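In what follows, structures are represented as structure tokens.
Consider the two complexes below, in which subunit A is the common component and subunit B and subunit C are the respective partners.
On to the complex of A and B.
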């Protein structure tokens, strides 16, 4: 697979853009065919055999959606088709994601974008089954929705209803939108290459050498670095692919909304990997929380214990199940499951305690309380990262224990040397400057400012200086990167 | 409508259900509230709201919720 900044990819992108906007003049009704051809070409770039799975999922789901629309088919048969196609999706996903044996036997790797297109396809399947979405007009149109090349690398998980009207209308070149797309791509490059890649080895070197003596201050440093590395890696990659998609005038689902400004853990999960959270809410949380046994349990709790418990316990239990699945989606490893359960439990307990919070007479508005809640949430999120960044649960607990019992702040300068992090001071300086830019942009976005629109209104000289400064940071970063530039959320 | 406002007020006493028109779009209600509301509708009005009905158009205001309840009653 070519890197998103490689010359190969940029040439491919330029060729597709030229063809796409030329097609608007030649055959506007079929402009989308260029996108489909480009997406299939991109997919085969990652390996021809994997196209089979994409085609199988697309064909089964497309056919099923038309069976749901046929008046002569009984409800029972429609349900059978839905369950069968659903199983096919998860069979393919499970085979690749959770059976190393299959991958070793076949010699195959996880197909590009498997999780993302599986989730997209399942949402379409269930929405057409429930009558919330009309079936796609043609198989090829549906195939484009699943294979749209910018979304294959690391999402977001798009919905057919939001994408179809954008794909299938003719589109003239719009220089303003195009420049905004370029800006977003560039912002993603800055995040990924001037921050994430400057920090990656710090995390890997610290947390692969955990022993009982590890200092709490080193652990906290590693976890903080991880929280910024992971955010800039994932959201930077998303910015890049969103930017690429916007060059074609196509806006995909937002995946991040300044998550580290969240005021509670539940709020954090409404701002982080938004498209996965929304998918889990619509297709796992609600169906589970509103299943017959759960409804009965809710009503029983309401009669016995009143409103608060009937509200918090069933929804909390369904939420824990959701986070268990989110953990499992990250990988069939114990640490991911503990991490998922930690998040689910904290949110459930927090909801149970809501009446208590209401009784404590804390101010509801104001900068002070907002800052307090944001910092509290940041700490809780970072405790969760102990079970995400560290791959051995025993090591996670050792690190957590030593954070509180063996902090040794004064010994940091000596202790950090043990881990032989292959970085120089320049790494952290580049990352710090780029992070400052990300912080300012995020702060403006949190206040509702459209940063890109605002920038376009500034004088050209100022914009040029800003772009050159960011480009310089990225160029300076490349020689200092200790690890190759893959994305953390690719290959899911 | 008054009965509905009373039911909703028991679930989220801090929300002005009579005046709000973007309860979902402005993220005033979260998914836990939605489950509590659906369960309350089940008990008070005898209607079964399905997961597919949990869309912003049905829950953005008390008025929209009432319209949905009346639709489901038929």
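On to the complex of A and C.
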């Protein structure tokens, strides 16, 4: 699989861009065929046999969507087809992602983008089944939706309805959009290489050597570093693929919206991995919350406890189920499930306690209360990261306990040496400067500023200086990036 | 009109980027870089009979001054830090085309031939090479760079167009200012090296050597097998063939020398080391190129003393002097073909070792405490005794867990805390001891 910032990928990208915009002059109606060919070519990089699974999922789903549209097919048969195809999707996903035995037996690795295209395909299947989405005009068009190469690496989970109109119309080269795409790609490179890679070894060295004596201050340092590393790694990767997609004039679903400015955990999840959250809301939360047993339970609660509980308890239960699945989506490891349940529980409990907050009558507006709520949410999110960053749940609890009982702030300088982090001062300096840029950009975006548009209006010299400074940070980062590795969300 | 204005803007932006890159290169690329020294000096020399090529094994281990004096010819050491076989192939091509040497000595050993090579060194080599060749070769160098190793597929490799980002002077304001001043003043790169390098000194004709001797009680896992334990990298072997072929086609005599290593480093590989070295010997035999492993040299040619080594790969200055004299003695044998009698078989070499070179031990968690498995790196006929000691970290007093015996394993049960564990080894019946110490945190 090619690295998103490499000579191999850049040459591939340049070739596809030239072909794509040349095709607009030669055969504009079939411009999208270039994208399909490029996507399939890209996919074969990860291994030719894996294309079989992509084709199987696409073919089954595409055929099912046309069966749903056929007038003579009974509702029962449509349901059977829908369930059958749904099972096929989850069977392939389950085999690869949750049964190590199958992978060991077959010698195969998880196919590139499996989780992402499975979820995309399921959303299309259910939308066409429910009549919310028309069936795709041709199999090849549907295949392009699933195999669109920028999304295969780490998402986002796109919807057919939003992507199809963009894919299948002829598109002229738009230099403004192109420059914005380049800017976003470059911003992603900055996040990934000048921040995430600078911090990766700190996290791995601390949390792979957890013992009962680990200082709380070291744990907190590790978790804080992890929260920045993970955000810049994942959102940086997403910025890069979104930027690449925008070079073709195609905008994918947003996956991040300044998550660390969230004022509650529920708000955080509306800003973090948005496309997964939206998918869960549409295809798990609502179907569950509106299911027959849940409606019955709601009615029962309304009679017994009143309106508030009849709303918050079923919603809380649905949230716990959703976040259990979010944890499971990340992997069949206990720590992911605990992390998912933690998030579900916090959201459910805070929803149940909403009347209490109202009684306390805290001010709803103002910078102070906003800052308080943001910090509170940041702390809660970081408590959750104890179960995400640390892969052994027992170690997570040891770290959590030591955070409160064995903090030892004064011994930090000595204690951190034990973990032999192969980093120098330069790592943290580069990461800190790049993080400052990310913070300023995020702050502007939070205030509704279109940063890229604004930047394009600035004098060319100023822009060039800014780009060069960011390039400098990225280039200076490479020699210090020990043990950085690939993208964290690239194997889903 | 609009298009030409846009084009002008793009051109201006490209020029600005190139200028900035050049400026950063001037400020940060070290004046004293190993490859920079080599290519700067090579450009000034047109009288070279013999060139020494290879990584730091060549650069730090072979004194061309001694070879020149003993052989009565002109010798230059073109070894550079981390020079990969692919880079050596480029260098040999350059030498044959521009410098016409009659003989080339290629210094290799196990660490030269794995997949793990320093990217920074390769980028620094590429940058220095590009400065020394015409534009067309410059482009070819980049194409070659991206077609070797994983450079086409990795992010870091794109830094080759900004070599200063991976190969820079110490990032301290004083060092950067010194570097700039030296470049403005035109200080010779070799002179700069002596100002900046804390561990090595430049002597003559591309040769620099390390100060300081290896501490044999601090070796543990710091052996070359700890870093280079994989199979030989096939493209590296292909480069060796290319080097041999180029030399044969251009009537340049090539001698391949596996530089001497301390005993522990050879022995820690087990039989693997000699099997792999046989691969090299067979490869070069195809091209009728002499290949020798100096670790196997008879004492009359090179007597390996422990104090000659700076680390597992490099000799210190005294060692390099002795080794270079031995190499000078060997060259006439290379020319005449009678060199094989000066090297022993692996079995004879292993049987000749009578002392313990270094000690290492593995520490495995057991149901109660830890199990220590000790290894003394020595010859095939040496019987060893081990002693096991422990102390709480930060204290002075050692407690003997198990006194000297032939048992190479021992269980220990430290209490909660941080502990230093030491294994001592000696040849049975002798008093000289080698040891190694590890620290363990026990909070189970």
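As a working rule, the second predicted complex is superposed on the first by the 490 of 492 C-alpha atoms of A that agree within 3 Å, B and C clash if a C-alpha of one lies under 4 Å from a C-alpha of the other, contacts with A are read in each partner's own complex, and residues count from 1 in each chain.
Criterion: a residue touches a chain if its C-beta (ideal position, glycine included) is under 8 Å from a C-beta of that chain, and two chains touch if they have at least 3 such contacts.
All figures in this text were calculated on a predicted structure; none of them were measured in a lab.
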Could you check whether subunit B and subunit C clash or fit when both are placed on subunit A?
fit
With the two complexes superposed on chain A, say which partner A:107 touches: subunit B (first), subunit C (second), both, or neither.
neither
Between subunit B (first) and subunit C (second), which does A:426 come into contact with in this model arrangement: first, second, both, or neither?
second
Just to be sure I read the superposition right, which of the two partners does A:472 touch: subunit B = first, subunit C = second, or both, or neither?
second
One more residue to check, A:459. First (subunit B), second (subunit C), both or neither?
neither
If you stack the two complexes on chain A, which partner ends up touching A:5: first (subunit B), second (subunit C), both, or neither?
second
Of the two partner chains, subunit B (first) and subunit C (second), which one does A:448 touch, if any: first, second, both, or neither?
neither
In the superposed arrangement, does A:71 touch subunit B (first), subunit C (second), both or neither?
neither
For the superposed three-chain arrangement, provide the angle subunit B-subunit A-subunit C between C-alpha centres, rounded in steps of 10 degrees.
170
Closest approach of subunit C to subunit B (Cα atoms, Å)
40
Considering only the contact definition stated at the top, list the common interface residues of subunit A for subunit B and subunit C.
none
Which residues of subunit C touch subunit A once you look at their complex with the stated criterion?
9, 13, 16-17, 20, 24, 120, 146, 151-159, 162, 165-166, 168, 171, 441, 443-444
Looking at the complex, which residues from subunit A come into contact with subunit B?
130-132, 266, 270, 281-282, 285-287, 289-290, 295, 298-299, 302, 307, 310-312, 314-316, 318-319, 351, 358
Under the definition above, what is the set of subunit A residues touching subunit C in their complex?
2-8, 10, 193, 211-213, 418, 426, 460, 464, 468, 472, 475-476, 478-479, 481
Please output the residues of subunit B touching subunit A within their complex, sorted ascending.
10-11, 14, 27, 30-36, 38-39, 42-43, 49-52, 54-55
